[in-house]
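Structures incoming, each one as structure tokens.
Here come two complexes built around chain A, the first alongside chain B, the second alongside chain C.
Moving on to the complex of A and B:
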């Protein structure tokens, strides 16, 4: 009985799953509002709805607002303390966050006046700062008390200004790319939400439960965890967008889309530069966009259209190889 | 004021120095009709003085002043082409138009022009409005800041809105729609319509003036050329035939002439002249003429080749028989005589334009040719799909015409002319529609017109009172009985009288079918549009639906068999499409001269695509293979 039902639930061969998936996502998509919900805190301004969906399907290198949900080991979850500590640890600290930077153009010096309290909190030493400054400024670095002095010889004022601007954002501590980290509460469990994403570095931090931690940066997932993980991430992200708009779309449609996007081991966008631009048939590609480009390239390389796809067969006026048209005679009598 | 001689020097000084510093100009520049004429030290007092003088009658009331304090410019406008409108002047929180004046105006002692001379009413242009006007809508809204008052609050509306009733009770999108639709209503657009030759014209049978109307409606004399009728309307459902903005209409009311109209269409034809001294000729064409239609199509033509008035013309009938000279010059025949070979070029009735020939006008075209206009008339009885609308943006098409005996009726035997669906009301928020229905119902008993002017129309309470006095339920609800079963309908139904307009979207003018028909020359695909007897496009998204369903055979039928299927000969050697040599009567490949050709079924669009690809310098080849 169970096997019978399972067999019946299988998709028939020749079913046009792609078109059904496209229509299933596209139809409710037309009603999707441009409205974005507003949250307080870090989660704000993360695009949802249509802009986010477009971002996902275009397979952008970097999402508009990358965020991470970092979980700590289960034993620390109940209390806020560990989370706070890790949050403080991963938030990227730049030089301007730990002290004042003053330009003294008269004497051709840059003074960095450090705040000892912040320094202590971030577990930084004046020597760390000295070292970092030596590396980035290109001037002579002297430290005394809470002050670091960089002096230049013969540099133009413009060069000094350039250095000032550069050292402002010198990475001192925490994880690169994490501009903010906030502790949020879900029930009585705590987790950290960050603005900016860097999952590879997060994994190295003790106390972080890497298995549960999450990023919305698909490309990063692909880089760090591989294409299969990226596929799952795409499904998850798209479903999240759809559900936030109360669009009831079956996961399998989305899964097919994600499969199509990741099938050649890379994340391909949906459109001219990705999926549609890489179809097998010349005619199908030419029918979509940039007709001339595809025709000319085909002519130059002497390409042959095997007439495998739907579009090609409609163009030439043949029965399309889908549904009732996929059936062929096994043998001519 | 600065003497005119000094002005240019000062102007230069200011441009060169003061103004460029970004300071506020200390002096006010004075412009008359946009031309700088001088400067004044105190702009504010100058405008005040000028305005006082205008109100006192010392300066023409047609002059307007506008002081721009930010730029220090005083614009004095006396020129033509400014849009101006009148206001009642308010001074110190009091309207200058006193109750005494009202009496005098009513008795005719005081006239409009005198009020302007007295400075009670003044005209402002757009610029002066922006400068000073702080306008109260009516007396109640005058504050200390007020400078003017509207003569009537409706005047904030334009012509189209002000002819609506109770627009202040409706939502703004519906008002916009009501305005747009009232322009499409059929009525009695001109009393000389019978003499006119408008290319299209509709005349409503029995046009009525509305029971509920606004004051501007009368001022515009719209009631003398009405465009609608008062319908008895019930708001209830009727077996699902008025779902989604459909309406149910009383068949007997329609038979009595409700919503009936005539449609006139004018067809034109001209005896054109051609280079070489040839010209067209109006005549009943000889059967030898090339392109001669079937004989019966010419049956209504008179001796002059033009239809006889009052003939009932069907589609494809000829209105004006016309023959034209051949398109190309003929060779001289063996006998040295040029044989007259004429071409049929008659004016023909197209499908949908059938009717009775109303009148024929013979005249001369601007270029001096013989010119004929034929007006065809047809009576348009309301039918399924015809569009109606009230003046509240409530539009609908007829979903069903019901015989009177099957319609619901009231206790007193009243049967509605129209049944609209209650779902049309709440989400659109057209309370005005309901108030008009109530007002119209009350008007039926008082015998007087109801004033439904925006902001100052009669209150619904009055109508309730009237209805109560007449023994009706004061909110207009009635007990109805089902026309089919005779049973009482459980809930009460709101029944009222409201003005409805028939809109010029008539099914009979739009209906179109095609099974087989003309195809385009270039693509061999069916033509598009009603005028060309075209098909309906089976587009990309429709195609996707069939693919999604897996109906391959149907896709092929739609895209190929029912469209532009062709059979081409393809060369098996080089993959080119073969050509036919008509002289040698043989097919061959134009590229390799081979005659090893096979018939291939394809869409003509594909053959065209191959040709176009060749045209851009790419050689596409077809590789032939036996079908499995």
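Moving on to the complex of A and C:
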């Protein structure tokens, strides 16, 4: 009985699963809201719904609002204090966070007046700052007490202003790209949620349970953990968007989309620069977007359209190679 | 109707035409920059020369002798006195010039393989690694001008350089010299499309209006002739170059009138001309408008309206349409008598045309009738009018998923609208506020069979998107089923007969209520198969924690034993997810279809007899409840005041990762949305399930509890971009409030109910929120439409192969087994394993 049911549920060969998947993901799009989602602990509003879905399909280098959920080792989970310490280690510290930066245009100097308390908290010492400034400012750096002086000779005032602006955001401590790290509570367990994402660096911090930590940046997942992980991340993220909108979509559709996006080892976007732009047929590409470009290039390279896709055959007016169209019948006369 | 496919297009090769090739395929050389003479007759050697085909009826093509319909036209050409650059190839020309040697034409690298782009980018001056010739710096000015140093490179010079590039080198750069020699990108002979491509139209005044392309070609010819005259007359170089440039301009705009950096050529009226590129490009271009989507015959369109008495498989078609649409019937020895009758008939179902085996088509009229009838034999085709039971496709746009086009059976009805039954509204996303739908009549047996088997409405009851029912009872159907299967609904003998007769059941079961009466549950059970079993907790159960099962006070535990509903009232979710889905999966689609047809018809009878209505009293709260609502609102206001004063005094504790102001807003929003929940409780306590509005929300027929709350108790907080309203004036949303006021009322809290009416301020705030949602809807449809187009385009070639792997058109594997289990989401069903345990 069970096997009978299973065979009955088997997918038919020739079924246009791609189109069904696209429709199943696209059709609820019209009903989705454009609302943003408020992740507790992170200041900004994170897009969900349609904008986030489009962002995922576009395979952008960086999502609009990268977010990480960083878990700590199980033994620390219940102690908030330890979590706070780790969070403090994660959050990026820039020069302007640890002291005041003053411009003295008259003497062509920039003064950095450090706050010793913050310095101590972040386990920084004045030499670190000196070294960092030497690298980024291009001026002569002197340190005395809690003050660091950078002097320029012969620079224009404008150049000095540029340096001031630059050194403000010089990375001093913590993990690059993490603008905020907040400790949140789930039951009696704590975890850290960050604005900004950098999982490669997070893995290096002691006390962090890398295996459980999560980022919503699929490109980064691909970079650090590889394409299979990225595929799973795409599925997870799309399902999350759909579920948050109470859209019931079978995973098979989302999985197929993710598989198509990741099938040649890197994340391809859905659109003319990704999947659609790499189609076999000239006519199919021309019919989608950038008609002229594809026709012109096809002409000079003497390209041949083998008419193996759907669009091509519709254009020619022939049976499309899908469903009942893949059946070929020959009769001996 | 062709019997079999004789020819198939196997592949299409793209290439460039050489000037020689152009001359070879050209039917004539165009020599006169004009179209028709004074008599309205095509000029020989003009742009509508009869050697390139004809568009006027009565004239004959001078090349093939065909007439308007039979001759598809022949290309001709213009011999350009001076060559010009083809604008669409200028970028490629530039890259080729930059990456090859001025003198020997070889690539400026010793590497064996390199993309042209990389080669062109890497090079700056220097000399040729093969012949050491010095390379001058090239500059390219869009669209068609090239400079070498200060000097302009003339097209003739460019052509000379391009022809120096050896074939092997071109192959290395990824070009195919057999089909596209670079010097062919410089035009010497301009191909002219036949008149059939650019037909002129005759206005009512009898005036001829030429196509944009013809205009452009006339311009090109004119300049070409002037240039020739000047060259022959030995005019100064400067004048010749000016004319040359003008010729270049005309050719450029002939190909693409939206080329950057040049002004578009305009029509006399000032409208930019639509030239070759514009014809192909974009949504209204040849590709998307005419090639990817085509117009069809045998179709019809009209407004839709509901008919709850026809089957979900049916579509009501207006008589007028049925008379116009035809179905071809092949005459055989078995149906020849019926066919003869059809030919003989004068009234509605009659034959319209008869096609003889040799393809001759004859109209059936009173005069021809008898003759046709006598000659009729097997092998003829009779085109008869659309009749009851015919297979048609029915569609509503936007066609967002495959259920937007389904196969129905025709039911010819009076009136002028298409009729559909209500359960098929969700797949089409149709309503009856003026929606129109399209109908297509398949013309071949093969098409009909495919439509029946793959697209039949009953085969689409379960959506492939999530594996749940999408064709399901709507609104009053659900309410009707509720009244039918309610705990103590009892029907008299007469009514029971009526109800069962609607489902086509003419045998009464034994009475189960004393006095010879029948319980609704028993009547409903008659629709279920005799071996149908289910146990499920319904939405109506409001037991705390574990449901009391059979003893559930809300009759919220549904028990069906051997096809007999013993406990529980049916609501929408139970109907859709438990009954319909199980019927489809275990008993087959036709059984499920019949069940939906019968159950909905019964439901409508029940609800019509029972009566179902709402009036103002449904939304008027009792005095005590109204007081409670006011209290809830007042408490919320006070709490907000408290929060605001804390904020102002700086006593508010900042939440992690928020500013103080954000913290305040967050807390206020949380407090104010709590009001809604409080009011919800009050409303539910004061109005029970006997209130039709609450009833509909509970059983899932229509609306939600929130609608009732907003009407009866309080509308609640209005928001724009998920924030309380604050924009409008400096520091405040409306001038009726103080600038410092951050209280509930000043920021869009609507305490009134829709029944009580909104104050002017509240009304204004409500409109602000309303506008945002309108704007969002408009933006969303556009964005999601484009997203879906991209998705479909990216995934359309993915098909399941015989081995259950999913592959694209290049036969590259995307998934080894579809969905990793090879199961069809439409047929697989979800969570079957867990369901079993819950059902014991």
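Heads up, the rule we're going with is that the second predicted complex is superposed on the first by the 311 of 333 C-alpha atoms of A that agree within 3 Å, B and C clash if a C-alpha of one lies under 4 Å from a C-alpha of the other, contacts with A are read in each partner's own complex, and residues count from 1 in each chain.
In the analysis below, a contact is a pair of C-beta atoms (placed from the backbone, for glycine too) under 8 Å apart; a residue touches a chain by one contact, two chains touch by 3 or more.
Just so it is clear, the structure is predicted and the values come from calculations on it, not from any experiment.
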### Task
Report for A:117: first if it touches chain B alone, second if chain C alone, otherwise both or neither.
neither
### Query
Of chain B and chain C, which one touches more of chain A's residues?
C
### Query
Counting only touches as set out at the top, which of chain B and chain C does A:19 meet: first, second, both, neither?
both
### Task
Using the superposition on chain A described above, determine whether A:304 touches chain B (first), chain C (second), both, or neither.
both
#### Entry: Which superposed partner A:328 touches (first chain B, second chain C, both, neither)
first
## Note on the structure
Both partners, chain B and chain C, contact chain A at residues 14-16, 19-20, 22-23, 292, 295-296, 298-299, 304, 310, 314-316, 318-319, 321-324, 326
### Message
Please output the residues of chain A touching chain B within their complex, sorted ascending.
### Response
14-16, 19-20, 22-23, 292, 295-296, 298-299, 304, 310, 314-326, 328-329, 332
### Query
Quick one: in the complex, what on chain B touches chain A?
543-545, 547-553, 555-556, 559-560, 565, 601-603, 605-606, 609, 613, 616-619, 623, 628
#### Entry: Contact set on chain A toward chain C in their complex
5-6, 8-30, 32-36, 38, 41-43, 45, 50, 53-54, 57, 180, 182-184, 195, 248-253, 255-257, 259-260, 263, 270-271, 274-276, 279-283, 286-288, 291-292, 295-296, 298-311, 314-316, 318-319, 321-324, 326
### Query
Taking the complex as given, what residues does chain C use to touch chain A?
5, 8-16, 88-89, 92, 174-176, 178-180, 182, 185, 256, 277, 280-282, 285, 287-288, 291-292, 400-402, 450, 454, 464-468, 585, 656-659, 662, 722, 776, 779-781, 783-785, 787-788, 790-802, 804, 806, 808-810, 812-815, 818-820, 822-825, 827-830
